[in-house]
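Each of the two complexes below includes chain A, the first together with chain B, the second together with chain C.
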Partner chain A sequence: MSERPFFVGYVGLPRGSRGFAAALAVVLVLGAGLLATMVARSVDDPGPGAFRFDLGPQKVTGIVELTPAPVLHVTEGTSTIAPGHTLMLSGQGKNGALPRARALEGRLATASGILLTRGTLDMLQIGGGEAGLGPATGASAPALPAPEPLGRWALAGEICDGKCASGAMLPGLGIAHKACANLCILNGLPPVFVSTRPVAGASFLLIAGTAEAPMPPELYDWVGEYVTLEGLVRRHGDLLVLTVDPATLERAP
Partner chain B sequence: MSVKYVPVQWNRFKWGYDAVLLAGMAVFLWAFLRIDAAVLGHAREVSGPIRNARAFGACAFAMMTIILCIGPLARLDARFLPLLYNRRHFGVLTAAVALSHASLILNWYFAFSPAERYQTVLFANTSYAGGVAGFPFETFGIFALLALLILAATSHDFWLAFLTPPVWKGLHYLIYPAYAAVVAHVAWGALLDRGSGTFTWVVFAGALGVVVLHLIAALKDRRGVRPETSDWIDAGDPATIAEGRARIVILPSGDRVAIFRHQGQLSAISNACAHQNGPLGEGRIIDCLVTCPWHGFQYEPRTGRAPPPFTEMVPTFALRIVAGRVQVDPTTAPPGTPQAPVPIPGAVTA
Partner chain C sequence: MSAAAAILALVRTWLWIGAGVAALFLTIGIGRIDANARNAFVFRTLLVPGILLIWPLVLWRWWCIERGSPWIARYRPPSAHGAAAVAMAILVLAALGLSLGARQDWPAGFEPRRLADAAP
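Up next is the complex of A and B:
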């Protein structure tokens, strides 16, 4: 048996054990710092999406369309948002704008809020009340831009919610974000498909829902995963809308 | 040892132990959070709550891994025993760090919604049968957190006495499924999501270290041969037992007996401390009392009783010396039963 000093906690460290205990303490503290640095340095880039608070509140006018996620075809923009651009709309937090947009479908409306941008994906988080989203006064609505069919596409990528993906959360994509994305979509935020390869110049496609739901229910189990799918793509303004064929969904290798 | 319950029986060593613990945790969190987008060359910062949650989550994983390594390390090398003495404080701090991680997650990913966050964490992802990748890994985390909170809440000696040591010990084995759940939580969440090589290796190495250390310690425990006879068990040459130390003998039942030499005489008591099943045979006699190497609980070697006013007792065993070899009666006497000590031939007795 070892003749090392015997440790009894309430007596304290015997003299012969103090060096080893001190070395352990140093290793523990320095090791903690080293381990944390290694792990933190392995963090992936969260992407370029962001709330554009730096641009200030944006107030635009446009025609409301429901897919059923609400989008706004801008007719009068700002220095940042050009007329002809199509914006997805969201409420505050994980709240969709559909309940407020439903009464304005096909009508000219003004929307005011903070812009979120990521690549070709632009979303306006509207403020509260009619100041955030309300009918435009004194003008009649021009006709909605006619959807342009772009055919059936086979795509690879990820289904997620448009708000987190556009920068409300960084990162706002991936498996770790799956439950959050599901919750956002369940609450009416626009579901989007992030394609690994651009479709007609866009990597972000708004996913069309059904009359009853913002996204076909079959898609929830596939959110956040890397999948392949097929679907019909149409251009609504300058926004691509994807109608997913759920039967074609597969996990990508 | 105490005859009354106080929140913490502080002593100088515990203050030092907890100071090192807190320093290690603080350094971990500081080092993690100082690595920002500028250091990494990213255009944008990871959201603050997500960074914080990752820091606390990684810290909790590291702390659990160290906690689970302490037990086998202390069995393999007595110099690690000081780590074990105050391990419950380590566990309580780990539960607090894990709770901070969970709180950050709940208040970010599952907040800002019309539904209550404690509900959304349960219903937002229900892809239990949807395949490996999309499995709701939060479930593993919830289980591990609940287990850690239960262990922390029942870590005090009051609960040990109230539940009885076997029940308390059994309850605290929850740490193993909790750790497995944490590994699954990290693997299904962070690793599948980010696929980061470094973090994958950290998790793999940590979990492997825990498993390997436990296997080595278990193998060391099994080196003794369990006899098949129900007769007296040979325990070897009594003269080779060092004064104030013990030899551990395995009985046919698998239980272990610690045969202590004290003032030239031998006494045998159970090897399992009444406090937390610490290995008494790896302890020493201090002030005429067998002293447990884990938490310093003490027993009179002839009776297996803790000195008054303490009330802990362990079973005792009869000894005899035949043809110059010590033998132990495998019949277990009730805890606290006095046994006549056996003089070692030729040894100086007090």
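Up next is the complex of A and C:
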């Protein structure tokens, strides 16, 4: 039988182990505190984005446009959503609204759901069925607002999915959110570029996709990283839409 | 078969074999190798999840003890445990340090520039 002291919780601490236990306790408390401080200081502020359940369900009417991410040019709003505003639309969870919006392209539609907001970025998560998104009755659709070209721009910032960035997730931005953002965009949620500084008055730009994909496939590897890029900017209603030139994408210094 | 399907099939097979080992060990084996487990049955269900995962180790221990190996050897950890613990601690700290070092800073100073006006 060994004579080395051996700690068993219910019989008390052996005299020979007391110094070691005290030193270990101090090291663990200080080490855990130091580690927690380092990790906490390295985390960015997740921002003020949130589901706005406090505003209640929002029901708006507008014209559907596809970029191919669906947006709604609001013609009849609510006390929160003014007519003339351009709303991005999403489905529940990680589902985009494109399959439901495709049949309504260019038509007047009624959308109902919960608003997400983060500063000037907002999005409507529509409910299920035609009550969530369906054709408006009794009115003919006004013409879609003509896109206004704003030229070619050099920008810096981050590509992310618009739903998480506007408050569905905290954090909804950054490298820790990369996989989630890619899954969201692959499922048709609107991809968004967050610019370092406002571009023609807006810090958030909807990224235009292709006929086949919600976002050009070359962009997926850059999601969640800080990048510089060039692209064409157009104004659709009060929303800026960015067509990225993938050849110009670079990691920000 | 895709890699994901192959991994799922492997996991499913592993767990089914573990279920078989759990059924055998908990009904026949445990009473043969541990006198304290005889006539005690309720606690055996608590062992099922563990046996599903580490059934090769269970089979090996069962075989060793049936052969008459000294029972105390079951409790002697492999000698590499200490080195593995130190290596894992170093790896965790290294991963933390490297990830903090590779972190990008938000390019706050970058001013958007219009390169060309809109095409007419």
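What to note about this one:
Just so it is clear, the second predicted complex is superposed on the first by the 211 of 253 C-alpha atoms of A that agree within 3 Å, B and C clash if a C-alpha of one lies under 4 Å from a C-alpha of the other, contacts with A are read in each partner's own complex, and residues count from 1 in each chain.
Note that a residue touches a chain if its C-beta (ideal position, glycine included) is under 8 Å from a C-beta of that chain, and two chains touch if they have at least 3 such contacts.
Just so you know, these numbers come straight off a predicted model, no measurement behind them.
In the superposition on chain A, no contact is made by A:Phe53 with either chain B or chain C. Shared-chain residue A:Ala32: touches chain B; no touch with chain C.
Residue contacts after overlaying the shared chain place A:Val8 against chain B, while chain C stays out of touching range.
Using the contact criterion defined above for the overlaid structures, shared-chain residue A:Glu225 touches chain B and also reaches chain C.
Once chain A of one complex is fitted onto chain A of the other, the partner contacts of A:Ile175 extend to both chain B and chain C.
Of the two partner chains placed around the shared chain by superposition, chain B is the only one that A:Leu24 touches, whereas chain C remains out of contact. When the two structures are aligned on the shared chain, A:Trp153 is found in touch with chain C, with no touch to chain B.
In the superposition on the C-alpha atoms of chain A, the part of chain A touched by chain B in one complex and by chain C in the other spans residues 35, 38-39, 42, 44, 175, 225-226, 251. Listing the residues of chain A that touch chain B in their complex gives 1-2, 4, 6-13, 17, 20-21, 24-25, 28-50, 92-95, 167, 169-171, 174-180, 182-183, 186-187, 220-226, 251. Contacts from chain A toward chain C in the complex involve residues 35, 38-39, 42, 44, 148-157, 175, 195-199, 225-226, 228, 230, 251-253. The part of chain B that touches chain A in the complex is made up of residues 1, 9, 11-14, 20, 23-25, 27-35, 39-40, 42-47, 50, 54-55, 58-59, 62, 66, 78-83, 85-86, 108-115, 120-121, 124-125, 127, 130-131, 133-134, 136-138, 188-190, 192-194, 196-199, 202, 242, 245, 283-284, 286, 291, 293, 295-296. Every residue of chain C that touches chain A in the complex is listed here, in rising order: 96, 100, 103-119.
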